[in-house]
Amino acid sequence: MIIIMERGSTPENRQKVIDLLEQNGFNTRINVGDIYTVIEAFGDKTTVTPGRVAALEGVREVKIIREPFRLASRDRKEEDTVIEFPNGVKIGGNNKPVSIVGPCSIEEDYEGLLKVAAAAKETGCEFLRGGAFKPRTSPYDFQGHEEKALKYMKKAGEETGLLTVTEVMDASDLPLICDYVDVVQIGARNVQNFKLLKAVGKRSVPVILKRGLCSTIREFLLAAEHIMYQGNPNVILCERGIRSFDDKYTRNVMDIASIPVIKKYSHLPIIVDPSHGTGQRYLVEPMAKAGIIVGADGVMMEVHHDPENASSDGKQSLPVPMFKDVMKRLNTLTERLHYEKTCLSANVS
Amino acid sequence: MIIIMERGSTPENRQKVIDLLEQNGFNTRINVGDIYTVIEAFGDKTTVTPGRVAALEGVREVKIIREPFRLASRDRKEEDTVIEFPNGVKIGGNNKPVSIVGPCSIEEDYEGLLKVAAAAKETGCEFLRGGAFKPRTSPYDFQGHEEKALKYMKKAGEETGLLTVTEVMDASDLPLICDYVDVVQIGARNVQNFKLLKAVGKRSVPVILKRGLCSTIREFLLAAEHIMYQGNPNVILCERGIRSFDDKYTRNVMDIASIPVIKKYSHLPIIVDPSHGTGQRYLVEPMAKAGIIVGADGVMMEVHHDPENASSDGKQSLPVPMFKDVMKRLNTLTERLHYEKTCLSANVS
Amino acid sequence: MIIIMERGSTPENRQKVIDLLEQNGFNTRINVGDIYTVIEAFGDKTTVTPGRVAALEGVREVKIIREPFRLASRDRKEEDTVIEFPNGVKIGGNNKPVSIVGPCSIEEDYEGLLKVAAAAKETGCEFLRGGAFKPRTSPYDFQGHEEKALKYMKKAGEETGLLTVTEVMDASDLPLICDYVDVVQIGARNVQNFKLLKAVGKRSVPVILKRGLCSTIREFLLAAEHIMYQGNPNVILCERGIRSFDDKYTRNVMDIASIPVIKKYSHLPIIVDPSHGTGQRYLVEPMAKAGIIVGADGVMMEVHHDPENASSDGKQSLPVPMFKDVMKRLNTLTERLHYEKTCLSANVS
Amino acid sequence: MIIIMERGSTPENRQKVIDLLEQNGFNTRINVGDIYTVIEAFGDKTTVTPGRVAALEGVREVKIIREPFRLASRDRKEEDTVIEFPNGVKIGGNNKPVSIVGPCSIEEDYEGLLKVAAAAKETGCEFLRGGAFKPRTSPYDFQGHEEKALKYMKKAGEETGLLTVTEVMDASDLPLICDYVDVVQIGARNVQNFKLLKAVGKRSVPVILKRGLCSTIREFLLAAEHIMYQGNPNVILCERGIRSFDDKYTRNVMDIASIPVIKKYSHLPIIVDPSHGTGQRYLVEPMAKAGIIVGADGVMMEVHHDPENASSDGKQSLPVPMFKDVMKRLNTLTERLHYEKTCLSANVS
């Protein structure tokens, strides 16, 4: 931690800062400049937070040196986290990017869901996704079929051999949801729902954690930290677009660079969701490719058997034939990249 | 709703849009332009959402005419909502702005809390606020004393005659919290925690609903709509700053103009929170005044008996003596404005 | 400057950093931590920029301690800058806030301009503003009457005794403009037009410098620094709203808190422009008041004799009768605040 | 145009809107709803702007149907614009993406520049870029070597056979700059410097127009429209990152999706600049690839013979050996994509 004191700070102010830090096990050094005095604190402690120090009289600003996420950081764990499923599917590290596809909401029509699932299986996808509990901006929007939808998911997963993913919106639904699906998802709007993060952290179920609409990368990794801190290391990050000043042509701005940035600072796998990231069907394929080429460990896409009649997110869902074409091209790309990557690492070692 | 079709849209595309709208009770009109075709839909229906129409083939964009929040809108209810408490305190309408003050977190030291509460009472504040369950960005931060804190709140409220406010982070904590306090608060990070909004909507407890860090005004009012839609009309909005590209000198940017904007579009009361809105002690007074002068129905401020040792948010908390000074000046301002407002309306009528 | 080295940085990397800093007259100190190594550099030099140091191999991040704006900083000049005009009008310090009003564009109709100017004079305003050269987002919008408009401005100023302000968009127009008006304005879109900043900096004409739509406070003060660095100390800052994720109800978000923030870090005067800051006529009065109550040294408002037929910005312009009412209330407020402020300082001294 | 009237608007208000529109050649239709009245205006006119209509009494909001950029729009010109240079190099359409590389600033050391230029030529790049006039946030930063730098550029271009690009910051420098280079660049900070846009629009020199830090896509295309409206159709757009709420790990957020969006709405070529888009050397390669895979017509990268001693932007500049490696991989990618694209279009036709 680096503490910059106000111009008018007194020696007593400075001493108080030093005392607090040293009582908490930090080593300190003080440099009195012409205008500003700077105190440096060394130590890897969590007993005193930067905010606590900032509250002391005469402190202008506290800058941190080490990233505040610890378990999620490469500083603590160099090698990539790989999450492996009972059927052998793996996410992260040098594994081929996975595909997670399905309708925004699970609807009444089971045959429709199965049609999507079959297309997913046929094109080599690993996961079926679909919403049972839906977060909706307006109370007048469709809110999800809940347990009935979970049953459909499980059945479609079993019939096709796909792993299943659904969103959990509230800690109290977690036991029910975990009975039905292989992976839970925490949505963008819940990225700082700390009760939910904790509840998920107390289980070992793999979690797809979506970046919030205005989460900084650091806050995003701190949300993962909340889960990991409770004991669950199986966190899969998901870039799904952030809010910007321009929503005229796309719902959000996909921060594609966040993928290599997060790969540098964290060992966790990260996937992209171009459907929510753009909100436009015609942008799903290019943005999926953009995510994969910069190193994403997977792609999540909304696919619907009849988008014109979807209960939600029809505009951004791929109809099945278009989805199959997109997957063909994505598979070509991922295979090529995977080949380059694994050959490369083989040559290196 | 106004539907703009793509340049290349077909007559069949257009017919499908019209059919969907008419089946749902809308009247439609179509205007085929040189380049774009526009379909207008009239009717006050909620059975078809704009997103549903946007998903149809050939639709470029759907623009809404009426605001999607209905219960919260002045279109439905002209007069200001006023929330009245058993002790006669009122929020909203032509009533004098209220003051809601207290520490960020309720701490071990009950005497400290009481000191703040006494100063609040003495300076004419109506509400004591304090956190029992704390949402924290990092798992290494202090998380709150939970029920013990609620007991302290209740006791301090009773000893001073102040009404009490605390934040609820999860629907499951709601019954417990409602046993202890007069008003519940939903924090910025939970503004789209729809389970929580629903749960709070099913009670009649007054709710302070904070604007999310990246909530648009429309989304903010839709969050209020979720609560009202369940039957609870007692929603108090709270502007507490939004996220911008510049967080160097202030935590957030307070959108002061949102207060008169919301007053124009909604009948709900709205207060300001300059402590979270700025994150800086020296900005609390000016920004409280800015909020009040543009018409806010109250102000919420963090006050601590010993900010240098606060468990959280010390940097932005007012120490008690400074708080008393600030309140003196705020009271002068609110009285003057209240006098102008009520005299003015007396003269008008 | 504080330099944080990458985890994998070598002793050679560190030495290079230290050498560069010491060659440029900084004193340095190095602290080798468990994970990160930190180098501190002391000295008030401008020969080495943070970017230059950041480019060295093995440097993770460079944090600055002192603000990069120097001439604009209170670190260098404690007392408020006051700009005084030949007719005795003063901006800044403990002086009463000034009012700068007029149409967005100067139009064909001189009588219309004069009507506005007369109302301005009558209500105690000090400055008449109006555009002669107009920056417009679309080439299809009205672009200004140039020199003819300047002549109108000068004439209206002389007839009423008001000082005059107009925007300069290009360095080459500056000599012409300075022949006609008392103050030049640099618009939000030109806040980083460095040629223009330099040209204005080489004269002594007072400059109203508007904050850019996405200028951070630091960048805003650095733009002022460009002007001051050339020798012109007469800079008046103007907060006029920044871009946010929500432009549905207001054009921009006015960062009202920037006023007390800038007052803390800089000695320059700062005014507010609620017309551009909100883009809505009904918000001009409340946001003008908000600006003044937090300490703005003036307010700039668009006023038009016939806003329904204005060439530009009619939506946000006040018609003359409404403007007079607004000014009456603003005058009451500024007088009261001025009285409090000057009595207070009198009591203190 | 679609005009939504205020709830309380009068028949007179509506008539005024209709009159204004019809006088300007629009056809209108009015629909009086329960709450809101909507007026539709048909016609492709530029004599009345939406802002002009919005200023009329009783108008709540004006929504546009057709994009306000006309010359830049695919509505007017379906086929891609291709810019061809005398030496046969082409940008846009189905041509292979070009590479534009070089140092941020042209420095004293000509041999250094030549080293970069030679590496560019060797790896198949088409353009050498470098700054002669530098826009710098702080007056204490290096400002460019001006004409001397232009001479170096020209010489290096001639020695290697590369086309040359440099930034123009002010209309008055344009004749000089055009004597030396093949392409002029308008920087992000000047995207709404309308004098400069006009001046460039009056020549036929190809222009690289960078998106502003907070330009919406619509504003960006309107800036291009300013150039085209003066008669210069040779505009090359450049996505170089926009400002977001998170600048901790990257300078800007690259809006990769803007590339396919702009391709849908405009016929102009668009390139990406991952150096400025990210500000980090390690992100240049992945983000260049992301841009290319979504359809960019070229990539611009900063390369320096000695980034540790660069006058500016060293942190984001590639050293020559790294640049050569990156180019090798980019060439593989562009060739593969070009092959797929041209085969595909061959098959289709």
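For reference, chains read A, B, C and D in written order, and residue numbers begin at 1 within each chain.
Please note the rule applied: a residue touches a chain if its C-beta (ideal position, glycine included) is under 8 Å from a C-beta of that chain, and two chains touch if they have at least 3 such contacts.
Here the structure is a predicted model, which is why all the values come from computation and not from measurement.
Chemist: Compute the centre of every chain as the mean of its C-alpha atoms, then state which one is farthest from the centre of chain A.
Modeler: C
Chemist: More C-beta pairs touching across which pair, A-C or A-B?
Modeler: Contact tally favours A-B.
Chemist: Distance from the CA centroid of chain A to that of chain C, rounded to the nearest Å?
Modeler: 40
Chemist: Please tell me the distance, in whole Å, between the geometric centres of chain A and chain D computed from their C-alpha atoms.
Modeler: Here the centre of chain D sits 31 Å away from the centre of chain A.
Chemist: Quick check: how many Å separate the C-alpha centres of chain A and chain B?
Modeler: 28
Chemist: Could you list which residues of chain D touch at least two other chains?
Modeler: Touching at least two other chains: 214, 243-245.
Chemist: In the complex, go through chain A and note every residue touching chain D.
Modeler: 214, 216-218, 242, 244-246, 248-250, 253-257, 259-261, 264-265, 277-278, 282-283, 286-287, 289-290, 293-295, 336
Chemist: Would you mind writing out the residues of chain A in touch with chain C in their complex?
Modeler: Residue positions touching the partner: 2, 4, 7, 29, 31, 33-36, 38, 40, 42, 44, 63, 65-66, 75, 214, 243-245, 247.
Chemist: Given the complex with chain D, which residues does chain C contribute to the contact?
Modeler: Of all residues in chain C, those touching chain D are 16, 46, 49, 51-52, 54-57, 68-70, 135-141, 143, 169-172, 189-190, 192-196, 213-214, 219, 222, 225-226, 229, 243, 307-310, 312-315, 317.
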